[in-house]
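Okay, so chain A shows up in both of these, paired with chain B first and chain C after.
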Partner chain A sequence: MNPIDTTTPAGVVLALLPEVVLSLAALGVLVVNAWRHETAEDSRLAGWLSLGGVGAAMVALLWLWGGGASSSGIPQMVALDGYRFFGDFVFLLAAAATIVFSLDYLEREGIRGPEYYTLILLATVGMMLLAGANDLIMVFLGLEVMSVAAYVLAAYDRRSPYSAEAGLKYFLIGAFASGFLLYGIALVYGVTGTTNLVMAGAFFGPGSLPVMASLGLSLLLIGFLFKVSVVPFHMWAPDVYDGAPTPVTGPMATGIKAAGFLALTRMLIVTFPAASPLWQPVLGILAIATMVAGNLMALSQRTVKRMLAYSSVAHAGYLLAAVWTGTLIGAASVLVYLLAYALTSLAAFGLLAALGRGGERDLTADDLAGLAKARPWTAAAFAIVLLSLLGFPGTFGFIGKWMILTSLVVAGQWLIPVVLVLASAVSAGYYLPVIMAMYMKPAREGAPDAPRVPRGAAVAIGAIVAAILVLGVWPPPLLSGTMEIASSLFERAFQ
Partner chain B sequence: MLLGPALAFSALLFSIGVLGVLIRRNAIVLFMCIELMLNAVNLTFIALAQYHGVGGQLMVFFVMAVAAAEAAVGLAIILAVFRHTTSVDLKTNTLLQG
Partner chain C sequence: MTSVWPLLTLCRASAQPLSGWCVLNLTPYIPILFMLAIVVITAVAMLGLSHGLGLLIGTRHKTPVKQSPYESGMPVLGDARERFSVKFYLVAMLFILFDIETVFMMPWAVAFQQMVADRLFLLVEMLVFVFILAIGYLYVWKRGALQWD
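Up next, the complex of A and B:
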């Protein structure tokens, strides 16, 4: 494929093809909903149409990616590199899984309104723009497109006071964080006169940052760390993940976090590589605090949903440790871990959505007792997913953690890897009881039959579990691939 | 417009907004404080645009459009909460915690 000329309208559309296709699909679903929005059948139709839209966007993405799309050298607002394409791939997978999990869930919980699927598609477009953003304006717009759709999704179960409260908290904290991010953008713009990440990076050069730019970087970091729920900016996350409808919690805990981490990594490596003495200590300390606090708080949770919510905070800590390195292998391990975490966590929330009732806020480990006898496949899938979250050898989660550990040790750091290993050991204290309940405890007397996982969701979960196992046993192609993808970030960074 | 005073004033506005979010507990007031933060940033962009060209002014339009979308969604969510608890006070909306 020739380099795309982004000065022409046709070139711009081509460069943004997956995003354009997905946006059009979202609008198309909205138009269909204008006529058909009353019965459960209509909602299902919207779901299948959205799934088709995600598929079309995936085809467009693979076509661009496989053709080795590159730009003609002018600084763009959205990057054309493997790093963006990898992110888009993860988001589209997450969107597809979310839609499949939602099909039966919305019907079962009686949540009306097929606009739900439009919002999922729009949130995905936002994630794609954020992860590909090569310009601070685009960072802001992508973040907002993603977040505004997510605020509505969190509050989507209108009859549930928990869902409404989750939406309110998410909205207030999210908008607050955007304010910080925006002020950071303004200050960086004030120093450099540009909002382009590459050009701003070239402006800063290898020297130390001016005071105003350091201030801008700190504000940008605050904004990002709120979004990816790093301690001490995490207090909203468990409440929001807990209150939101479970299929929505999946993309909130995976896609949104992934988009935030990808954009943060790109910004730090492309624009602020020389300022690493400034951001590295901060990120290192916060990574340690997040790993420790997230895991300890997850230990004290009673319900499975809240436990998974806190564990998602802990995983943000592992990812932040990889971002801390700021090296090539660090960026590659961010990619590997994001894929591992996104797949695993989506399956976990998908299973939870299928097993629980009424928002799943009451489901404890004891409620899963005897699941291995009643539903052996479901129990096996849940066990594998939890082991992967724990980082058990033989699963994809282990490869991700091992990759992060390698990148940290290569960077000559010892404290963070030790904390990471200890924190993972602590996390066994809340993942394993769920597995033990499923396999070793008898079902309680008079407990209702374990619900069956709907067929569509079962297929999606089966595919994810297979991927977790395959990539956990045979990761070399993925590892070398991500190294190559991450290097696309460094080629254009000012060193 | 002088750059120094304009930047100082917008920094002050931004700080007032942040303080308001941290101190007040009424969802509507919180939302107003967040809007204040965004508008302080707009002022910064306008002031800087004198030196750096039209890019800063362009950004202001994006911020205003996004703020409008946020307002629509935010007020709808506040309304949804009010229907459940007849209160927009964050002190009484504490179902989720722990």
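Up next, the complex of A and C:
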């Protein structure tokens, strides 16, 4: 494929083809919803149409990616590199899995309104724009498109006060964080006279930052860290993840976090590489605080859903440790860990959504007792997913953690890796009891039969679990691929 | 250069933009500063004079009419904090959405006049925007959000 000339309108549409396709699909589903929004059958139709839209966007993405699309000329608002394509791939996978999990969940819980699927598609468009943003304005635009859709999704179960609480909390905190981000963008623009990440990076050069730019950088960091729920900006995360409908929690904990981390990494490497003495200590300390606090708080949770919510905070800490390095292998390990975490966490929330009945918020480890006897395949899938979250060897989660550890050690750091390993050991204290309950405890007297995982969800979970196992045993193609993808980031960066 | 406002002088002296601390030239905003001052002085004078003179030379008769919130207005009927239909919120929200989106067309029209080279492109961009707006309108209409009952 020839380099795409992004100075022409046709070139822009071509460069943004996956996003354009997905946006059109969202609009199409909305029009269908305008006429068909009454029955559960209509909701199902919207779900399948959305799945088709995600598939079409995936085809467009693979066509661009496989053709090795690159841009000619000046840096544009949205990057055209493997880094963006990798992010888009993860988001589309997450969207597809979410739609499949939601099909039966919405029906079972009696949640009305097929607009749900339009919102998932629009949130995915926002994630794609955010992760590919090469311009601070585009960062803000993608963030808002993603977040506004996510606020509504969090509050989608109208009759549940917890869902309403989640939506309101998420909205207030999200708007607050956006304010920080905008102010940071304004300050960086005030100093450099450009919002483009590459050009701003070229303006700063290898020297130290002007005072106003470092102020802008710190405000930008606060905005991003709020969005990816890093301690001490994590207070909203457990309540929101806990209160939102479970299939929505999956993309919120994976897609939104992934988009935030990808955009943050791109910004730090492309725009602020010379300022690493400024941001490295901050990120290092916050990574340690997040790993420790997230795992300790997850340890004291009673319900499985809230435990997974806190563990999602802990995983943000692992990712932040990889971002801390600011090196090529660090950026590659961010990609690997994001894929590993996204797959694993999606499967975990999908299984949780399927295992509940009339709400799964209150599901504790003891409620899963005896699941291995009643539903051996479900129990096995859940056990593998939890082991992958723990980082057990042989699963994809282990490869992700191993990559992060490698990048930290290569960077000459010893404190963060030690904390990471210890924190992972602590996390065994809340992942393993669930597995123990499933395999070693007998089912309680008179407990209702464990529900069967719906067929569509079972296929998706089976595929994810297979991917976790395969990539956990045979990761070399992925590792070399991500190294190559991450290097595309450094080519553009100011040296 | 001596000036009453050292901050403004500093800004004017470093005329070079993009040089770290002071990149804002606040001089054009001096009339607004004057206006602010006049507004504050007027407000303080109005309130202070009416209250102070009232205390000094006014008479005080406490009648039920004088004690009511609106002495010369309508008689108060019930509490203002009552529940009213959620439909008002929907109408207000839709109004804000479509209103702001049409306001967006004004800067576009100005830019359209000045841009000579890429007029077709600008037109298509606005048509895309209107198309998305129309789909939103269609959806709102079909879902019955524009109907009161």
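We take it that the second predicted complex is superposed on the first by the 493 of 495 C-alpha atoms of A that agree within 3 Å, B and C clash if a C-alpha of one lies under 4 Å from a C-alpha of the other, contacts with A are read in each partner's own complex, and residues count from 1 in each chain.
To be clear about the criterion, a contact is a pair of C-beta atoms (placed from the backbone, for glycine too) under 8 Å apart; a residue touches a chain by one contact, two chains touch by 3 or more.
On a predicted model such as this, the values are computed, not experimentally measured, just so you know.
Residue contacts after overlaying the shared chain place A:137 against chain B, while chain C stays out of touching range. Contact with chain C, but none with chain B, is seen for A:35 once the two complexes are overlaid on the shared chain. Touch criterion met: A:211 reaches chain C, while chain B stays clear of it. When the shared chain is aligned, no partner comes close enough to touch A:285: not chain B, not chain C.
By the document's definition of touching, of the two partners only chain B reaches A:166; chain C does not. By the document's definition of touching, neither partner reaches A:447: not chain B, not chain C. Measured by the number of chain A residues touched, the leading partner among chain B and chain C is B.
By the touch criterion defined above, A:421 reaches neither chain B nor chain C. By the touch criterion stated above, A:152 is placed in contact with chain B alone, chain C being left untouched. Once the two complexes are laid over each other on the shared chain, residue contacts for A:470 go to neither chain B nor chain C. Residues 190, 193 of chain A touch chain B in one complex and chain C in the other. Of all residues in chain A, those touching chain C in their complex are 9, 27, 30-31, 33-35, 37, 190-193, 210-212.
Only residues 7, 14, 17-18, 21, 27, 30-31, 34, 37-38, 40-41, 44-45, 48, 51-53, 55-56, 58-59, 62-63, 66, 69-70, 73-74, 76-78, 80-81, 83-85, 93, 95-98 of chain B touch chain A when the two sit together in their complex. For chain A in complex with chain B, the touching residues are 137, 140-141, 144, 148, 151-152, 155, 158, 161-162, 164-169, 171-172, 175-176, 178-179, 182-183, 185-187, 189-190, 193-195, 238-240, 242-243, 301, 306. Chain C makes touch with chain A in their complex at residues 17-18, 20-21, 23, 121, 124, 132, 135-136, 138-139, 141-143.
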